[in-house]
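Chain IDs A, B, C, D and E follow the sequence of writing; residue 1 opens each chain.
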Amino acid sequence: MNLEGKQQVWKDYQKEIADDRYYYARSCIRQTFFPGSEWAYLDILKNKLGKDVLDDPRHTTCTGIGYHSDVVPVQTIMTVVARHFALMTEAGYENITPSCITSFGIYTEILETWAHHPEIEEQIREYLWKATGREFKKPKNLAHTSDIIYKFREDIAAQARYKLVDVHTGRQLRGVDHIGCHYAKMFPSKGIGGAEFPAVLSGMISSWGGDVVDYPERRHCCGFGFRQYLVMANRGYSVANSKKKFESMRPYEPDFIVANCPGCAMFLDKWQYTISEMEGTTYGQDGYGIPVLTYEELAGLVLGYDPWELGLQMHQVAVEPLLDKMGIAYDPEMKYRTKEGKDIGRPKCPTYLKV
Amino acid sequence: MHTVIIIGGGPAGCEAAYQLASDGIQVHLIEKNNETGGNLNNWYQLFPDRKNAQDLNKRLQEQLNHPGITLHLGMEPSRVEKDGQGRFSVSLSDGSLLEGDALLVATGFKTFDAKRKEEYGYGIYENVVTSVDLENMFRNHAIRTSKGDVPRRIGIIHCVGSRDEKVCNFHCSKLCCITGVKQAIELREMLPESEIFCFYMDMRMFGPGYEEMYREAQEKYNIKFIRGRLSEAAENREHQVQVKVEDTLLGRPLRVTLDLMVLLVGMEASNETQGMARELGVKLAPSGFILPLDPHYGNNLTGEKGVFITGCCSAPMNLTDTLNDARSAAVCITRYLNMK
Amino acid sequence: MGDILKRLREDIHFMEGFNSCMNCGVCTAICPAAEFYNYDPRVIVETVQRGDEGEIEELLKSDTIWYCGECMSCKTRCPRCNTPGLVIMGLRKVSQELGYFVHSEKGRQQYALKHVIGESVLKRGYCVTPDLVKPEMHPEQGPVWEWIYEHMDDFYDRVHGNLRKPGAGALRAVDAESMDELHRIFDVTGGTEFLNQIESYSREKAEEEGTDLEEGYFLRTYMENSGNHQ
Amino acid sequence: MNFWGFNISETRSINYDTNDKDMLIHVLQEVPSCKLCIECGGCTAGCTAGRLTSFNIRKLQMFMKRGENKEIREELHKCMLCGKCILVCPRGVDTRKMILSMMKYIKNNQK
Amino acid sequence: MYYDNFVLPFTIGLITLLVYLCVRYYKWIRSFPKIDRIKIRRGLFSRKTLVSIKEIFMESLLHHKIFKTNPVLGYMHMTFAFGWFLLIIFGKIESMVYHTSAFNPPYFAIFFRYFHPAKETFPGSETFAFIMDLILSFLLLGILLAVIKRFYSKMFGMKRTTKQRPYDLLVLTVLWLIFPARFIAESFSSGINGGGSFLTHSAGEFFATFLPLRNLSYGAWWTYSSLLGLFFLLLPFSRYMHIPTEIVYIFLKNWGVEQRKQYNGFSEIQTNACSRCGICINTCQLNNSCDIKDTQPVYFLRRLRNHEDFSVQSENCLLCGRCEAACPVGINLNAIRLSTRPDLTRVTKETYAYIKPKAQAETPAKVAYFAGCMSHLTPGIIRSMQEIFDKAKVNYTFIDEEEGVCCGRPQAICGNWKAAKVLMDRNQERIESSGAEILVTSCPICYKTFKEDYTLKIKIMHHTEYIDMLLQEGKLPLHKNDLKTVFHNPCELGRGCGVVDAPNHVLEQVSQRIPTRYDGKNSLCCGGSLANTVIDSQQKTKISTDTVKAYSAYQPDVIVTACPLCKKTLGKTSTSVPVKDIAEIVAAS
């Protein structure tokens, strides 16, 4: 693959990202499955990069999962999002940073729709006023939280305690990125690097010393498909799509997967377990899975955060092989304990997948 | 004696120059490159008769030896002005000035920049080439993958940069289909063992002998035609290209790995065509080509009196049509000059 | 123009997603649903383009429109700037408005989605919360999740969660005032009505079948798979 | 219902790389005119069996060309061999012989 | 006792042959289906046997049919068969007269001239000698013709003669040599001892002038006997097996044995009854239009007999039946060819399960019209039939107007009888549910199978017959016009079902029908036949072009046929003369 060609593409897809003062919009899935990532993101921004970021206790879900499950109408989700804009405006912020690809896609779509159809924006303003008595200004800048990390990836690299390098051999660690469909497929110009050769995560990997693997099914959906996962009967679709990706990336022997979207991260992690149970197949080395990280976790590891504080024990696929390669010190005893060190038992072992 | 200035020394400009000169008109032919022929210089064989393109090119060049024709090679018009009597003065890049009674724009087309279709990976994947690159490979008689192997499976992708809103080209370039068929046949002749696919949406076999050539490609050369537009290409570890299309006539997604992928790049108005249109205040069609005064009767005329157009600056055309169009433009100009 | 078409043309997703189709199949080529279901977004758009009311009605009553995963990969590709995914959203909306969704196995699942996601939004202010991911309903989540689920209260603290507590932070409880506002937004914008509509059509269907909506019918829509979808 | 409540779906994609093209080779040898098909669907439009059931001769031959032999095994016996399709084909494909050739292949390669 | 060792080759050969034939025929006949064996038992002592004997005389000896087709060829065959027959008969009589007993060993009559001392006279010995010489010369002339035919076949009005393989050439040579050998042996004996008549006597005297006959004569008799014995031993494995087999076949045929769908002993008998006269080669349009020269019955049957691969030849046949109509032996060529086509179908309960039965008609119409699949591509035929029904005020129901089912014959003619049977059963149900009394079809293919393979209890008519009936009953108003027509009788209709007169009647009543040499059962094939799966569309087009050319030579205004397939096929190539269906002509008149 010709890197220069890719760099040419990346040049065309550089979006504007605000420097500071972000209004944080949380994600239902991230907080459920990766609460440590959320904390790490806020902590990195505030304490490592010295940025002003507001975690507003009042905002709700964007209803995105309901919207894409077709149980929440478009006017409703627009008004819910408009309320978030109002909260942001009231708090004196102009830059909104959702921490979820579904939300990011929806925010982008809503702003685009309003740009094309001002009458809809007007209608939504009326709805919001009627329902909450609030008014809003549209955000000046919309960026996904990963965009922010991408923007400051070199600052993070400068503070890094670990690199994405195998400390035993000096080999660059191979990382596979998964940016999530709604990040750039709907509006390629809103994603760093565009939809075809996205750079938002691969940029982080490169900056932090790793090697990016561009495999054939890189762009394929993880298979969430909203209703296709949420309803049990449909999950065959969901897992099959992830499997397709695993099969395609396996020959490249990646050391880790980093995902943009909390949903994708969760699925790529959990489906490895399911596939191993159903078919006996594992995709990592020596019977392990391929560790799946969120970009916050990746940044956290590079910056030397404690893996268990980041919540890496919540992953079904063991992350220890990656930690070992990176030379990160961790206390295996503490993996499944509470903050206070209380023993609350440990998860059962899967049949095939080594943990 | 009348003088006509022709801008662009491709097949259209050359043929028009010769026709006008033969009618006793003084012709100035301006060509930006150091040789005439334009895009024809990049071609190996012509369709449907598979004649060597350079033979035709040579013939056109020889015609330019006519004493009535003055060639200005390596020149570009920097400014064009029209006086009250309808005479044109054209300043050339070397500072010289030409004067003429009529202006013929023959600035032609350029091929679509395949890099703009990122998902096809041109310039990124090692074994993705354009139809222009392939012509070059034909001329060197070397069809090889980046590793130097004989490609065992080759896919030809139609409609690259044509009929595609995503690159703002709504128009059909019309020649790519037959070019694809021709190239498939040429590939087969050089690589008798390879499997060759064409991924098309419609086979637009508009010219005489084209449909027959298409049929022959199927029957004699065993070229496989699959109706489905390329959606996405990816490179695997062996640097092969994995393509995803829908086999639309089966209604099922199709996955196939190619050793070499050829993009049939479409035609766009050349930068010079667009520049001349701006300079002369001539209207452009939404496709970016120059809009003729009337699509049936005035296809060599523009809204600007004394400014004529010919060849691919007004629409994608094959060589036959281009040469016809050039002759037709010559007739229009002669009549215009006689009425003046 | 028939009622369905009229409704479709008024739908913003449909408006944005449908221009004209030349059947090139670019959408189907990369569609994750076309890969695993008997599904072809190109054909959906073509059907809509033909504009036959009866045909579209049949489509709205079929499993077909429910196969899409709304990943919107199709939007990136279409050379005519259609978005079959958005067309699907329009079709699904109309199917639910007119009650056609209960005619198909996959359509009936809307009740399960309403029951799980819709109600969660209105109850908790989130689409998904840890307590919603019950291990018995989510065997694929694996033993680690089961362990987390069982020690939810002890565990989230460790990873800086603020589970069901006031204030900021992951998994915090949404305050009452915000919940009120959320409910009012649903009322004002038709969100509540839409959810009720799904429920009432589903209730009719459940009664017709003699099952209890929240138990038997819910479980059926959540788990039923005829296997005839490929 | 299994423990999971679902199975991993199988792909519907045609995988040309791995599909078995043995039947294709056999049929093309016996009926070279198959190469001439332009997939216009004329054969299918007038098909006697096609009026009564889902039989689609155009697709059948395309499935063969892609090596999707399972579809052929499922569909082939629906043909009545009436030969109407031959009269319609604008490219002179011997569609009926193609069917016979497939039948022959399947008969000779039964597992 | 009249005996010499040289008779041994002949005698052993003859006995071996007879034993072989008995075993062989017994085996074949035993493999017949029961019904056919019953027919033999019933026919054996009936008039049919006498009829057979007459036919054997006419065909096996006189070769009357070959004579009719080609006199020179007929003469050649006759000299061989009849000449030899006479030689045996008169020789036997001669020996009986001499011996005054009917019981003498079979070789005695054959080698009479050796055993009979020349000086010894008996009643009519001179006459017998004369007759025997006459027959021998007759035979020798036949051989001369055969030799000429082999090297120069055009003289016989044949484009080409049957090609032989080396073994056949050997047997042929042996056969050719038998009579010259007899001639030489008899001449030599005559040259030594006298006797014989104008041929052998004169030759004997002539040979005696320069040959040591005493040394040679005995050897000549050995040669003659050996050739005969060799011929008998070789015969069962050569084309000359047809000589005895044809006789057996004629008996069996007349007793009512039929060629069935399976290839069985009767097929073997027919295969062996082919004399390879080669007449089929010249009637075959694949030969005439496409230059295909290996598939005609003579070659096909030879492959069958020799157990060579016949799969291509089996399929490469239009089943137009022109060869069968011309075959002097009357072999069921189409049926045999069809019986060799393998059934590729496997019937399960899924087979054609999608064909649903039709509801019983509440008020049945008198006539049920079945257009046939192909007719739906020639809507002119259907519309004309509907007009005709309306004009004749016939109450009819259109069975396959919307959802037709194929008659099953296209499957059957590929050998796929199993699937065909399912189709036929389902279709029969649907036809019966109409409750009609007459089934009219526009397609001769359907017509043939309705008549032969279905068990319909209603009257089945092709539309030509039906229109003819309407005209005869005066139910159809008639206007004769000046249109000059020629009639192309579809293979399945004329030769296939014997419908010859009806279309001619109809055409004569509505137009100026020009008689052609292709009328009736001599009609050509249009080339569109579904039966041939080997030739490609260009070759079919060639046949059709030639057929159109043949009809166009009569300068008709229109070529009329009575089959949608013929109409489409001929119409494809006939650009100057329109091709119409008889129904269209009638409807327009």
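Brief remarks on what is shown
Just so it is clear, a contact is a pair of C-beta atoms (placed from the backbone, for glycine too) under 8 Å apart; a residue touches a chain by one contact, two chains touch by 3 or more.
Because the structure is a prediction, the values reported are computed rather than measured.
Number of steps on the shortest path from chain C to chain D, with steps defined by chain touch: 1. The set of chains touching chain C and also touching chain E is given as D.
Leaving out chain C only, the rest of the assembly stays one piece through touching. Distance from per-chain Cα centroids to the pooled protein Cα centroid is smallest for D.
By number of C-beta pairs in contact, A-C leads when B-C and A-C are compared.
Rounded to whole angstrom units, the spacing between the C-alpha centres of chain D and chain E is 39. The geometric centre of chain A is 84 Å away from that of chain E, both derived from CA atoms.
Centre-to-centre separation of chain A and chain D, using mean CA positions: 45 Å.
Annotation for chain C: residues touching 2 or more other chains are 30, 34-37, 76, 140, 223, 225. Contact of a single residue of chain A with at least two other chains is seen at positions 195, 219, 232-237, 239-240, 244, 274.
Of all residues in chain B, those touching 2 or more other chains are 119, 227, 232, 247, 252-254, listed in ascending order. Pairs of chains meeting the touch criterion: A-B, A-C, A-D, B-C, B-D, C-D, D-E. On the side of chain C, the complex with chain D involves touching residues 34-38, 139-140, 223, 225, 230.
If you check the complex, the residues on chain D that touch chain A are 4-11.
The residues of chain A lying in touch with chain C in their complex are 26, 28-32, 35-36, 38-39, 55-61, 63-66, 68-76, 78-80, 83, 105, 113, 116-117, 120, 127-128, 130-132, 134, 181-182, 184-186, 188, 195, 219-221, 223-228, 230-237, 239-241, 244, 270-271, 273-274, 308-311, 313-316, 336-339, 342, 344-350.
Put simply, chain E touches chain D in their complex at residues 342, 344-346, 348, 350-352, 354-356, 373-374, 376-377, 402-406, 408, 410-411, 414, 416, 419, 423, 528, 530, 533, 536-538, 565, 568. Chain C makes touch with chain B in their complex at residues 22-31, 34-35, 40, 42-43, 76-81.
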